[in-house]
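Order of writing sets the chain letters: A, B, C and D. Residues in each chain are counted from 1.
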Amino acid sequence: MQTRNVFDTFTLPITKSGQSQIVPPPPWIYAIEMIGVKVFFDLNKIIDLIPPPLEPTDGEGFVYIAKIFTISDNRWEMLYEDPEETKYMEAAVALKVKYKDSIYTYFPFMWVDKDLPLIRGWLLGYPKKLAIISMSEYHKLLDNYNGPTEGMKMGGYAVRNGKEIIRMRITLKEKYSSPPIPFGPIVQFRRFPSVQEGTNVYELGQVISSDFRTGDIWRGDGELLLNNSINDELELLKINKIEAGYYFNWSFKQLGTKILAKL
Amino acid sequence: MQTRNVFDTFTLPITKSGQSQIVPPPPWIYAIEMIGVKVFFDLNKIIDLIPPPLEPTDGEGFVYIAKIFTISDNRWEMLYEDPEETKYMEAAVALKVKYKDSIYTYFPFMWVDKDLPLIRGWLLGYPKKLAIISMSEYHKLLDNYNGPTEGMKMGGYAVRNGKEIIRMRITLKEKYSSPPIPFGPIVQFRRFPSVQEGTNVYELGQVISSDFRTGDIWRGDGELLLNNSINDELELLKINKIEAGYYFNWSFKQLGTKILAKL
Amino acid sequence: MQTRNVFDTFTLPITKSGQSQIVPPPPWIYAIEMIGVKVFFDLNKIIDLIPPPLEPTDGEGFVYIAKIFTISDNRWEMLYEDPEETKYMEAAVALKVKYKDSIYTYFPFMWVDKDLPLIRGWLLGYPKKLAIISMSEYHKLLDNYNGPTEGMKMGGYAVRNGKEIIRMRITLKEKYSSPPIPFGPIVQFRRFPSVQEGTNVYELGQVISSDFRTGDIWRGDGELLLNNSINDELELLKINKIEAGYYFNWSFKQLGTKILAKL
Amino acid sequence: MQTRNVFDTFTLPITKSGQSQIVPPPPWIYAIEMIGVKVFFDLNKIIDLIPPPLEPTDGEGFVYIAKIFTISDNRWEMLYEDPEETKYMEAAVALKVKYKDSIYTYFPFMWVDKDLPLIRGWLLGYPKKLAIISMSEYHKLLDNYNGPTEGMKMGGYAVRNGKEIIRMRITLKEKYSSPPIPFGPIVQFRRFPSVQEGTNVYELGQVISSDFRTGDIWRGDGELLLNNSINDELELLKINKIEAGYYFNWSFKQLGTKILAKL
């Protein structure tokens, strides 16, 4: 048999064609409908969620529930060939952190409900787990709904392994000029440990994004409950103050990571 | 203890307040995003899916996948207090049938993915089972999507107990004047059997609906695969001809049933 | 066309062969692995969960999580043709109640995770909803597990629509002579309301069972948390005292219902 | 603020305590109930599923459905604190392959239904995706079942994104002396790609296992259907011959990986 070339599939499963891989290569395109609550957390607690060399700032954070539509590698046909691969639910906690005197956004927790975004996220350092996630959705013909208005309420939750780890509710008040996140560029830890042998990856990367667009941004009141579970230390997220609730749509691309430090 | 009055809860679970019942009383409001395929089935087969006194006509049918938003008993707060109770996925087969020389719509099969619509459907005679159901969804910020256009494709499927019972794909061509269903008023069998003892319910009812509204109706090509399973006789739905694919949004209320016959 | 006979399918969907019906007729056979907690509830609260003509007794109750294996109509081939139709998870609350001076068992709440047991339960009056339900399972080769022993712990939970409605944990102490339930024969309300028209079924039935067998019954400590949700009034189940935790296996048949009263 | 040490969590999410990480470090303990079918695949097709430097042999393979019980890092309390984290369903395809003139076992495809085994698998190179997986289970009190016997049938399936990718059925004939797998030590590709920047991991590792034990091994007839899907190239697994069906229980530990080659 003549020598065969290495299969250069981006992710597992590795096949000659690459058609079976769970995550196709970038660009990764996202369009997001999101509700969230801007909060300030107790600094004495969140310090244990912020791995060095990242450092805390003032405790500012944002917790969201989102429905995300996504396309990888310009495979637009997935929208009708495999619709579940083009949408997922996501919940996450964002913290304002500092690295070398600059402000960044860091996600200590993130949950999704599909495998493609789970693995894709890990490649950029997002610490994704699976959860059951739900949020309000409005259909235009349901009672003549005409889009968000003052006083409209939305809610959502995330459940992992029997625990309601996040529950939120927002009440819209007014359109607002800017989205509540990001606080600065996103930094995450790519972490693929050696298991006895094997390359040990532990590196701080900055996510490279582009093509940000936002729809209307609504701001109002927010209510937020976070519950600890045996494998999710949400007890470290003690809420000192709730600033506001938000509802907005946005889209962007994620293209890769820029390595800031190896640990 | 003084005599207590009978609890008059509409459905189980029965409690004094009625707050635990799975299905609150009508009105039941629906707003629906639907893809479907208009087909003609083999008359020799579908005869076994059409219980007397209903009779077949020309084999015309419609198979759809839908995302449905719903409110029962005007409990609009469920949209944010319990969002999963206000939306569900549904797949179904509609047949044009005859009863006493008039044309009706009859659903021999229907699947949903939540319990509230399952039980609510049974109260009107819809033969609902659970399935995993998915269809294409488009977000307005995903590649500047601006609503349906000529050439846009959508797809969907239903899986029950490991079998892909329905798979469809449509390609939009043009706006159309009227929705593909209903063929006539909806008739279904309310069926709650005696189990040794107990009232034996087997009655033909006509569903009472109101407040129909439709958004744009798109028509185009349709592709449809139906697969038999051990507990779903889709082998009785032999497709002779596919007429068209459809995409449309509509809304209506269901208020009850008018009994046509007791069997 | 010659006259066709009425299709005599037991449940929906109605077809000529009956092969598509969701629930085949009895006998319904059950084999159950169960953990549960025997408790006494506050009488002032549970009164609102006990529909007349049933009356409360001393507040004794039992809350369980169970894995149930089941066959309907002797279709044993379903065990390998459609394994998910032969097993399901169930959680429930049992109360000791009185009717005409005799003691009965009444289930004000019951949750399962499949459609067949949901509808089958409703035919006998069990007020089933869907929930996500989990409990401990032990494999004999996992650390040389040799069956239940003193000190072994088991746990479980039920989640409905984002709320952890039940969480329990038991610690085994000793084998015991008798199962914690039933308190007496089971009574439930068959309830299929008229919707404007249609037969209105509201009748108290006693479940007819047979062929009870039990495996070893273990008794020990129990811990139990019940949480209210917007559609599950567990706030009416205020725990005054926890008596014991139980683990046991049993099997029986359910054959039908004997009507005690029409309401 | 004094300098904080790097958090040395094994996997994401990274926290000071490590209590939130999705996969704790080894040892990883497994106890498995498995049905499977030994087959021979068409060599001309599976060549595209076997990445160099692995090479095909005679096309021998094994396809299984399994229920797996697992403990990581000796956290036995997870069995009752979080039961869903201690069990999962798995389906996989094993191929007999050659590397440097020795025989190995290689899994080109593997599916599970939980996140912990998904990520844990990736750390060793198992190409896991999520799927819905089911198999027959027998309860000892269900019709006096006394363990496997001649003539007993079992079945199972795996569904991913609406496609029934695997369906199998086995009929037991006789006890057998040895399990159908492994063919030799397990080799897999650890693959964590660079995304623009970041360490690019692509290395062939041999899984280090220990403490193998098996229960009774049953052998008999096997039936197997494999279906292609848009993201799972099962069309490359053309079955030339079915040799036998198997049912058995076994347990072992996985401790890490030994790197054989960097690609």
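In this text, a contact is a pair of C-beta atoms (placed from the backbone, for glycine too) under 8 Å apart; a residue touches a chain by one contact, two chains touch by 3 or more.
Here the structure is a predicted model, which means the values were calculated and not measured.
Common neighbours of chain B and chain C, listed by label, are A, D.
Contact tally for A-D versus C-D: the pair with more C-beta pairs in contact is A-D. Mean C-alpha position of chain B lies 39 Å from that of chain D. Chain A and chain D have Cα centroids separated by 29 Å.
If each chain is reduced to the centroid of its CA atoms, chain C and chain D end up 35 Å from each other.
Within chain C, contacts with two or more other chains are made by residues 81, 84, 134, 162. Remark: chain D residues 132, 134, 157, 159, 161-164, 167 touch chain B in the complex. Across the complex, chain D is touched by residues 29, 31-33, 69, 71, 76-77, 79-81, 83-84, 86-87, 134-143, 153-156, 169, 213, 215, 249-251 of chain C.
Interface residues of chain B facing chain C in the complex, by the touch rule stated above, are 1, 3-7, 9-17, 19-20, 22, 25-26, 47-49, 51-52, 55, 78, 81-82, 84-85, 108-109, 114-115, 118-119, 122-130, 161-162, 189-193, 195-199, 201-203, 205, 208, 229-233, 236, 255-259, 263.
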